[in-house]
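Quick one: the structure is below, questions incoming.
As written, the chain order gives the labels A, B, C and D, with residue 1 at the start of each chain.
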Amino acid sequence: MGFLDVDVRERMIRTATREIEAGMTINLGIGLPTKLVNYLDPRISVCLHSENGITGVGPGVEPDLADRNLIDAGGAYVSTLPGAAFFDSAVSFAIIRGGRLDLTVLGAFEVAMNGDLANWMVPGIFAVGVGGGMELAQKARRVVIMMTHLDRHGNSKIVPACTLPITAAACVDRIYTDMAIIDVVDQVLILREVAKGISVEEVIDATAAPLQIPDNPVPKF
Amino acid sequence: MGFLDVDVRERMIRTATREIEAGMTINLGIGLPTKLVNYLDPRISVCLHSENGITGVGPGVEPDLADRNLIDAGGAYVSTLPGAAFFDSAVSFAIIRGGRLDLTVLGAFEVAMNGDLANWMVPGIFAVGVGGGMELAQKARRVVIMMTHLDRHGNSKIVPACTLPITAAACVDRIYTDMAIIDVVDQVLILREVAKGISVEEVIDATAAPLQIPDNPVPKF
Amino acid sequence: MKDKTASIESAISRIKDGDTVMVGGFGVPGTPFGLIDELARQGQKNLTLIKNDANEESMGVDRLLQNGQVNKLVVSHAGLNANVSKMMSKNQIEVEFCPQGILAERIRCAGAGLYGFLTDIGIDTILAKDKSRIEVNGRSLLLEEPLKADFALLHAQHADSLGNLSYTATAQNFSPLMAMAADQVIVEVEHLLDLGDLKPETIHTPSPFVDLMVSLPTLTSDYGVLRRGR
Amino acid sequence: MKDKTASIESAISRIKDGDTVMVGGFGVPGTPFGLIDELARQGQKNLTLIKNDANEESMGVDRLLQNGQVNKLVVSHAGLNANVSKMMSKNQIEVEFCPQGILAERIRCAGAGLYGFLTDIGIDTILAKDKSRIEVNGRSLLLEEPLKADFALLHAQHADSLGNLSYTATAQNFSPLMAMAADQVIVEVEHLLDLGDLKPETIHTPSPFVDLMVSLPTLTSDYGVLRRGR
């Protein structure tokens, strides 16, 4: 994956917090998405779900203060908020597959213009299993991606069709990158916003898939 | 179903307690089977299961002392023993279907010589649903029947083939009646014991299906 | 904080004619008599009810049956309610009987977002006659399909304001399964606790499954110990 | 009373070469390091292991892998154990990856005495390529088959002498499911309580599922908080 300027990264995360509404049940993937929780308005009460059997995940905890039996699905030591619940892995995924997960925010290797997501496998290089990724991508009511726009070789991660094995088909609703915010609507990519200091043309150039550009000026984030 | 002399009934129940060994997990059907628990040697510790979500069912409780939320699957108010557990209906039947129920004792309308059991429906007369009967009959590791030998019209309830809709096929291991104890082995009925005051010939006459009689004298119970 | 508490009138008024409604309870324990009585009062019609049993005559779901609000009943048995047999024989109601553990699994299957499961329960019986058969590794099995509902009506002993539930004794039965399998889950609560008063390990139904909670001010005699001749 | 307590040596000695062994735990919480280490010491070979993950290098099931005791590993991911990739690339081990929730359901399916279930999870992915498809109501679905085991090795925070178990925090994960799905269930217990000290409503695994319990006298450092660079 690409590299991110610290300021851009923070702006991207702050902007993505607008996905989160009070009362939602949310699962945040490893990496950038997990950081969202640090930028949330504390007056907004959401229910963070973790695949290993928690609702009501609270802030991360330093090792010295950690409970050895309380981690999130990424292996980080966490706390719980009042109203938390613990349950087994079957119930945990029933929440996801049963339609009770309002939002998941995930990282990605590639997103295709039809909303296909590839974020679990690079054949021959990275193939260590999908964990709960397929269920999250396929069954959360809304799937939001946070990623760098380009990979470390400068290639677009937004592509006409995924070249890597996909995690789930036609599942992505919105993409937040360091350059733009893009919606996937009926297999079409629509540019919604561009990052400060980036032009619409630069976004188009950096995007391997066709991008629909609104007639009105595109807002900055 | 037939009528039972109180003494014979008690003897039948006492005799059937020999089915029960320490450490077993057991489900007792409504009616005669439920009474078994009153005749158990208190030094023998067994785990009574009830379909509505209990292991460790204890003795019945009079209404004045009953907990309104604690009944068995037959609707009787019961107590629990130390070490009891409550669980949902899915877990309750996982115990049965998963092979963790050592023994069930059930009533019957008919038992066929191949072990088929009919105990839930009399078309046009009694058709109010099977409850958990099919799972119990089909999946308990051992299925023991307690019933009158004859129905109220004097007809044998042990038959060459069930005339009533069956609960489960080839499931019965042993039958306790007021006249005899009969095993079902490889689709053959074998007379094991006869009740005091009853002759082997009377049992044969009262049994509509062929009965294999051992060469040695048949013990009395 | 999204407030999940509601008045019993507004909660039950979400149910529409023709809806499918799952109702918790096995006998008296776990039956949400308060919610059922409100549904009887409001009078929604052409309902499909899914419940372990049909309670006893004049109690619980039997009031909906007697009111003529129910087209179809899916139960494991109705052995304690003679009214069901009467209505069946007069073709006033359609009844689907399902083995109890299979009823539980079909509800759970929907709740787990799955599309069916394979079993041999009942395979040699008349209950198998209309079911699809699937061959797996040379074994013929019945395909059981998930049972979903528009609403689940449940009774919980304890709940917190987020909607975490715990049930007591045999009042648990089908409730955790139904909580997963309905689009909207309405719970009557005996004791509403402060957030944090339920130990996270002891919660039977986690909060995301619960939509609305109604506080039960008093328990009617329906909830009490039944004194029947036996 | 049937005594379910056993020494760790005798409990683990029931496992034979070629057995399939389910192991509880998601990361450190719930992993029965004591039972695993004894299995590593006794050295049974040609095992099939079923676990959510492969722990981290030099910990837990990785010791069995490094020992060459494992032919096949069924996991949802092995992202924290680089040794698994190494052994896979050298063909020293067969690895089956299963989506995490489907792994949980396949184990539960066996535990519930069912023969498979239908799902659309992964249907458009390479994980679907060897799976049977079943058409139901016009929808093409994957048939997932149950995962059984000869043994389950579990860790419980509390147990009573009958074998009722309760787990703490995220140590619960796959354990209640595996307890249902193995012919023999062996549990290492942190705190063995007197009968009646576990509230019946708070038991996660009821006693009939448990065969043997081993009391853990001390917790090795494996059970502690991991301090890795992040």
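Note that a contact is a pair of C-beta atoms (placed from the backbone, for glycine too) under 8 Å apart; a residue touches a chain by one contact, two chains touch by 3 or more.
None of the values given here were measured: they were computed from a predicted structure.
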Between chain A and chain B, the fewest steps along chains that touch one another: 2
Chain at maximum distance from chain A, centres defined as averaged CA atoms: B
Contact-richer chain pair [A-C vs B-C]: B-C
Chain C and chain D, separation of their C-alpha mean positions in angstrom: 32
Distance from the mean Cα position of chain C to that of chain A, given in whole angstrom: 36
Centre-of-Cα separation between chain D and chain A, whole angstrom: 29
Shared interface positions of chain C, touching two or more other chains: 105, 112-114, 119-120, 168-169, 172, 200-201, 204
Residues of chain B touching at least two other chains: 54, 86-87, 90, 93, 96-97, 139
Graph class of chain-chain contacts, one of line, ring, star, complete, other: other
Pairs of chains satisfying the touch condition: A-C, A-D, B-C, B-D, C-D
Footprint of chain D on chain A - complex, ascending: 50-54, 63, 66-73, 75-77, 86-90, 92-93, 96-97, 121, 127-135, 138-139, 165-169
Parts of chain D lying in touch with chain B, wherever the complex brings them together: 1-2, 110-114, 160-162, 164, 180-181, 195-196, 198, 200-201, 203, 206-209
Interfacial residue positions of chain A with respect to chain C in the complex: 22-23, 25, 45, 47, 49, 54-56, 80, 82-87, 90-91, 93-101, 139
Complex contacts: residues of chain C adjacent to chain B: 26-30, 52, 75-80, 84-85, 88, 95, 97, 99-105, 108, 119-122, 124-127, 157, 168-177, 204, 223-227, 230
Chain D contact footprint on chain C (complex, rising order): 105, 109, 112-120, 132, 134, 136, 139, 141, 143, 145, 166-169, 172, 199-202, 204
